[in-house]
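In the two assemblies presented below, chain A is common to both, partnered first by chain B and then by chain C.
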Partner chain A sequence: MGKWTRRAFIGAGVAAGGALVVGIAVRPGNPIDRLSPLVAKGKGEQLINAWVKIDADNIVTAIVPHVEMGQGIFTSLAQMLADELDADWSKVRILEAPADDKYVSHDIVREFAAPNLEVPAILEPTASGSFLSLATVMTLQITGGSFSIRGTGQRAMRTAGAAAREMLVAAAAKEWNVRAAELRTENSMVLHDKSSKSATFASFATAAAEQSLPAKPKLKSPKDYKLMGKPIARTDIPEKTDGSAIFGIDADLPGMKYAAVKAPPVVGAAVETMDATTAKTMPGVLQILNMGDFVAVVADGYWQAEQALATIDTTYSKTDGDGLDQDALFARYAKMLDEAGDSDGDVEAEEGDVGEAFANAATKVEAEYKVPFLAHATMEPMNCTAWVREGKCDVWSGTQMPLMARKAAAETSGIDYDNVTYHNAYLGGGFGRRAEMDMIIMATRIAKATQYPVKMIWSREEDTMQDHYRPSATSRFQGGLDKDGKAVSWSNIHTHLFDPQEAPTVPYYNIANHKIRKIDVPTHLRFGPWRSVDHSQHGFFIESFVDEMAQAAGKDGYAFRRELLAGSPRHLKVLDTAAKMSGWDKPLPEGHGRGIAFVPSFGTIIAEVAEVDMTGKKPKVKKIFVAADPGFAVNPDGFAAQMESSIAYGLTATLFGEISVKDGAVQQSNFHDYPILRINEMPDVAVEIINGDHKRLGGAGEPGLPPLAPAVTNAIFAATGKRVRELPLSKVDFA
Partner chain B sequence: MITLNVNGQAKEVDVDPATPILWVVRENLKMTGTKFGCGVALCGACTVHLDGKPIRSCSTPVSEADGKSITTIEGLAAEDGTFSKVQQAWVDEQVAQCGYCQSGQIMTATALLKNNPNPSDEQIDTAMAGNICRCGTYVRIRKAIKVAAGAPSETQEA
Partner chain C sequence: MKAVFRASALVLVITLAACGSDPAPEPTEQIVVREPGADASEASDTTAPEPAGEATASLVAAGKSAFNTCIACHVLEKGGANRIGPNLYGIIGQAAGSADGFKYSDAMASSGITWTKEELDSYLANPAAKVPGTTMMAGAISDAGQREAIIAYIEDASAN
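Right, the complex of A and B next:
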């Protein structure tokens, strides 16, 4: 299995189509015997189904098959399970699921591959089972794509909670010799009102585990929610406040040593020569390893390893990427876009006759936009601890893909998969970077060489220079307006590097004639998913161009978007809410401006208004107003936190985010030349959540980001008349 | 041997005096609440107090701590585990996301409030500008500092 891609789900689905495994969201057969040793280790703990266990003290533990990287998913998913179970929240605990095949993300596969698939109950095991077998084949246990709540939460956690509740009720009915329908549940108790009997869930846990799994447990309707929709405090925050939270970098083992590493500055080059004469003599140094594609120094302490590494002289082999500069890359994109002309490239969407409509348009608008490569810059640099010894391999890290990490460690170490254990910890930021396996593979290789436990930590410089970057891209548009300023044609061609491809570059706007094409462009840099993936580019491209068309039409950006969204009441409500929150029509001081942008992504509809002060030397973003319709926000405070977070992440990219290439190597290395937004640059943020459709939930981690950049640049235009067509803003002269 | 005073306790460590405090605290003393972020005093994730003043432990050699007291995130709560007012405000305002930078944020905020119990918005921004949070919890950090400033003062060491 190669690199995981979301697009690959569909391809692999065909291959795996014949192999159906019967299963429902609570998994085929009764998994308790196999899973109990993995997750139910406490005193008197009884696993009810794969996702929930209850102990003798009536503590309910939700087993969450996702990783916590700041998005609050442990709490939100436990809320969903506990609500359906009627659990007493004060007695709910959370356990991250082990990296085991039973916890593959098949509900996410289903949400991705067949988002609207509803099948009759009798077919549900078959349908769900096919996604389960697909996810298992792919060793897919992923946290990403803003999919946890809408996939796992909606399909697995709620179902598991409801199923466990029905099993407990069935066990109680049997023991009390009453009809199940006469029983109710509340606060982790089963109650029989007629006889005034009540007992804890714990007292029926053993019997419940022997009940058959309900085929389609009944889920609550929103009016009965007790926990979902409430701003419940996150359970991981106290330990992240007193230093006791354990991240991947905090792994500690007896006899553990430390590794510092350096890879060639140009990706793909090999270490040709290595002079470690000085390093060998330095205190604490244990081993110096030329791994071919990187150098590692293993020492008693990390600082010693780093000091020694800095003295090593290396030369690297030549590669095809050596001569590349950022300007040359953009020139290459331009040439390829020129060559594609009016008809070449992959057509992503086409409706009407864009050529004729544009030719006949009263007003023609054309523009080209560019965005650079971006690094993830998680606060916790890449790291991994591994211990490979006779017939056994253990690996510790914080990854978005625990099962894939286990597989990568098995393949790298040559140890049988069953004898490889992957231990996941909190992630000090993920944003897509920790969906890659390079750190797992490197640490396992080092540990294989040493045979004692080694913690490998990347320096910030390595972390910045050896990332899998958000690709740079160029996008060109032609738009036509009729004599009334109505948009009649929209054509777009853009460079494309992304896999997965997320953004529907088909405009969500109602424009009769449109055509969208992409051309694949080669790069020697590694690229990968970055918070909101290609929406991070297309949000800026599309929403900038819509604003340019509005201006050409002589219309206000908000009013123009309203026209384009006519007939989509949910979209309009979001747009209107953001405009209203911002006081769109109210005047601003001289030199200030407002800009609006609208991007639905990851199932969530979002409009943002930015207020920018352009009276100084640099743009100052004062306020961001966010209106968001995620269908239903399971934890509204957590959702708002993700909006604030997306704004900070997006604003970093907008203001100064740029990874550039010179002679094939990334030029940036640390926070002095790859700056991150600081508190004094953070705007005020107001968030309003609209619960527009409780059946189809949207994501939270990513959709707040795409509208941010264009809202800011549209505000800059409103304030100054200067149109920004290339990010970041630090490259633009506003004098 | 270097003798350190960490969170009120004497600790002896056998390390090169040039070793940054960060790595001594994390690797020798096994207190992992203090984090490595950039290694060059640019991000603040490694902030600890040296005689009550916030310093970047990634760039301060342990020799400089000789005869001084180091306070880390682990030393803020009372012995019974009761959070300091800054920590409690951090929980009440639900500040942390990934949480990796928060030890450093809390150490800087604690030092700020010790010197200036009622900081203005601008003073908060200035004092906290050396601490990067990639999750962007800045809005809540501002609120939490305000809350902590308004909370009844405690005698706890910060």
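Right, the complex of A and C next:
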């Protein structure tokens, strides 16, 4: 270690309310001097490194750079940090990292994502690499891509906890004048067994912060885990149960007014004229704004704003999207797919010669599948509160990208980035919708015009009609089987590619010749990431077609997939487990059927079996069996909850999720025509977790969703012989 | 396996947003009906329905009972006497420290505040922070809704 200098931060410390870095000599590389004013302002608090602080009462706070949207991530990330630190869980608190560049600058990420850890440089080596690199996600403070645990948790939280532990031990060794190796840690205490000395972490916090950051903190092996792998109760449950949890929509400040907004029904149109004669006279109304791309009414109360907004007559400019209907859109997809023929389009993956293999195949299978647009329908509608005044801007919301929100607010308000503060709260559902910035930008524009604080809330109608949708899509397949019913060729062409890039590919299936292509079809609706993103449609496309090939080969869907996965023991184990859980071979009553589907995504391998009752007018999904290998489930209860919620979300889409356009506008507007699964429609769900590789973790939030739809439709086929090639099921007549 | 991929769509979207390619247009039309705090009856249109509807009436009622915490020190009637604190009749719109015959603190007298509803709100939220050195030692109201109600009551009572 080179020479280091004692840094004086008294000025900054006092300015920030007496931050305790004052007087501490921080070693180069440890960013706590810059960060303390942001996160360790309290009395007696000491930041040890970027992600851990300890206060005088021996409370350990884990600072997490992700947002809580119901997925339980605060708890799991804190669990990872606290375990490596040997912290007493009852004394662990959690703090969301502030939306500040200082918190996510590259050096911090680098410091805690040292490549020498026992995790691969690329988290989930798939055909294309990872979904998003750690640096991207952490430096942008994104919560998405089922990334938090496998990325941030595995590489930053654990390292930070282990590093803090080593720093505390080093400080204790120095103070007690013993060798560090003689010390151990337990329940937020440092212990020296030889001399029976023990002391709290807090008593060494200041001295620990003066230690150099360990270059390679030693991480625990699974046998030593105390918190990881345990179904620890989520810390956000009590406040979400008693109603004290604060969501973005709860923002409340003195003098705050409310805005209701309405955008043109056809996305891309402009508001040409606005007649506010009646609205002007209505109670509570303060301002009526034509923002060009939407109309806003600002009033003393939200109800008043909404009532006045409803009386405003608007005309909109013409756009290319005006005449478009859903059927015409699907016809456009079909035409462009026809035009792409056998060779055009962008090749996403290719091996062997599909043309020749298909031509020579003993059995040829062809099919086309379609899915509709889907809205996110978060329980908490889009909202944002903004206050723009002389040289300052404050914004409150719940977003998956706090730092991006701050940037968007700065650009929109024209106020210097340093004078913009973004305040994030809990998200009442994210699913990708809250990775968009439209609500932040709109609220900031309104507040810029009024110059007083305004809370903008979208109505449920706006929320449904102005979403950034999961694209509607069409996918076509040709598959070849040899005379033994073995798959020899797989060719696919589909519309759109958003993310992840490997979603349309099947590298895990042994098919010697395959070619996968996509074409981009222009549509005026905005696309956005929707839980599991492109896997949500490709899971259905791929696993439906695999089932059709199995049927053509005269084989059972489970047996056929076993052949395709031969040589991949980890994959096979997941498939076998799901089949076993479901009692695959046991007969079912008349009119009932079982279907299986297998989709690895976001680093987690999942197979699901659905049991469906087709004796009534509509399909009734009775049971879902989930076998999942996420490498290692940090919080098995949280993981299972994510499987269950993926099934609720995915089944909503499978049974009735459909956004369609007519005359360019979205036809659905609220829960009566965009229904959400009800509790009586929820199947029994059984989840079995396989910890297949503790070094390489997978995600939890999304991977449970892609296999759901095909498992259900394959079960419907098993029960009725009817193959469903278009979702949702509400469009299909089963009479 | 040969794989041909383009850059991640999600990352692409993010980068675009970060570049601020989307400038923030100002409103093409801005109708200001009323400034917040201004009397709702000043609304531009004469056809305006009675602004003091049921909601306002109940707010005033709530304010009247909340004002009980003030009456030990303040009266709220035309020509009423000053007590420990000054008469608050007609305070909205008035300059701070202008009740006849009341001996204000220097801090209040020189504060330069004009009592708009907003100013009242922030004073009542934390008198000592708003006017450091004020001699009003009680009466801070932490609940924003209660402050709103009290202010509505002061306004209503002053109109009679």
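Definition applied: the second predicted complex is superposed on the first by the 661 of 735 C-alpha atoms of A that agree within 3 Å, B and C clash if a C-alpha of one lies under 4 Å from a C-alpha of the other, contacts with A are read in each partner's own complex, and residues count from 1 in each chain.
One rule holds in what follows: a contact is a pair of C-beta atoms (placed from the backbone, for glycine too) under 8 Å apart; a residue touches a chain by one contact, two chains touch by 3 or more.
Bear in mind that the values here come from a model prediction, so they are computed numbers and not experimental data.
*Asks:* If you stack the two complexes on chain A, which partner ends up touching A:P222: first (chain B), second (chain C), both, or neither?
*Replies:* Touch status of A:P222: no partner.
*Asks:* One more residue to check, A:D684. First (chain B), second (chain C), both or neither?
*Replies:* After superposing on A, A:D684 lies in contact with chain B but is clear of chain C.
*Asks:* Regarding the shared-chain residue A:T281, is it in contact with chain B (first), chain C (second), both, or neither?
*Replies:* Once the two structures are laid over each other on A, A:T281 reaches chain C alone.
*Asks:* With the two complexes superposed on chain A, say which partner A:Y452 touches: chain B (first), chain C (second), both, or neither.
*Replies:* second
*Asks:* So, A:K257: does it touch chain B (first), chain C (second), both, or neither?
*Replies:* A:K257 contacts chain C only, not chain B.
*Asks:* Taking the superposition on A as described, I'd like to know which of chain B and chain C A:G591 touches: first, second, both or neither.
*Replies:* In the superposed model, A:G591 contacts neither chain B nor chain C.
*Asks:* Across the two complexes, find the residues of chain A that touch chain B and also touch chain C.
*Replies:* Touching chain B and chain C on chain A: residues 252, 283, 301.
*Asks:* How about chain A: which of its residues touch chain C in the complex?
*Replies:* 127-128, 131-132, 136, 140, 142, 144-145, 252, 254-255, 257, 271, 274, 276, 280-293, 300-301, 346-351, 401, 404, 407-408, 411-414, 435, 437, 441, 444-445, 448-449, 452, 497-501, 505, 507, 529, 533
*Asks:* Which of the residues in chain C end up touching chain A in this complex?
*Replies:* Residues 1-6, 8-11, 14, 17-18, 20, 22-37, 40, 43-45, 47-49, 51, 53, 55, 118, 121-122, 125, 144, 147.
*Asks:* Please give the residue numbers of chain A that touch chain B in the complex, ascending.
*Replies:* Counting only chain A, the residues touching chain B are 69-72, 233-234, 236-247, 249-250, 252, 258, 283, 301-304, 306, 377-381, 426-431, 457, 459-460, 637, 641, 644-649, 670-672, 676-680, 682, 684-685.
*Asks:* Sort out for me which residues of chain B touch chain A in the complex.
*Replies:* Residues 15-16, 19-20, 23, 27-28, 30-40, 42-43, 45, 72-74, 76-77, 83, 87, 90-91, 94-103, 106, 124-126, 128-142 of chain B touch chain A in their complex.
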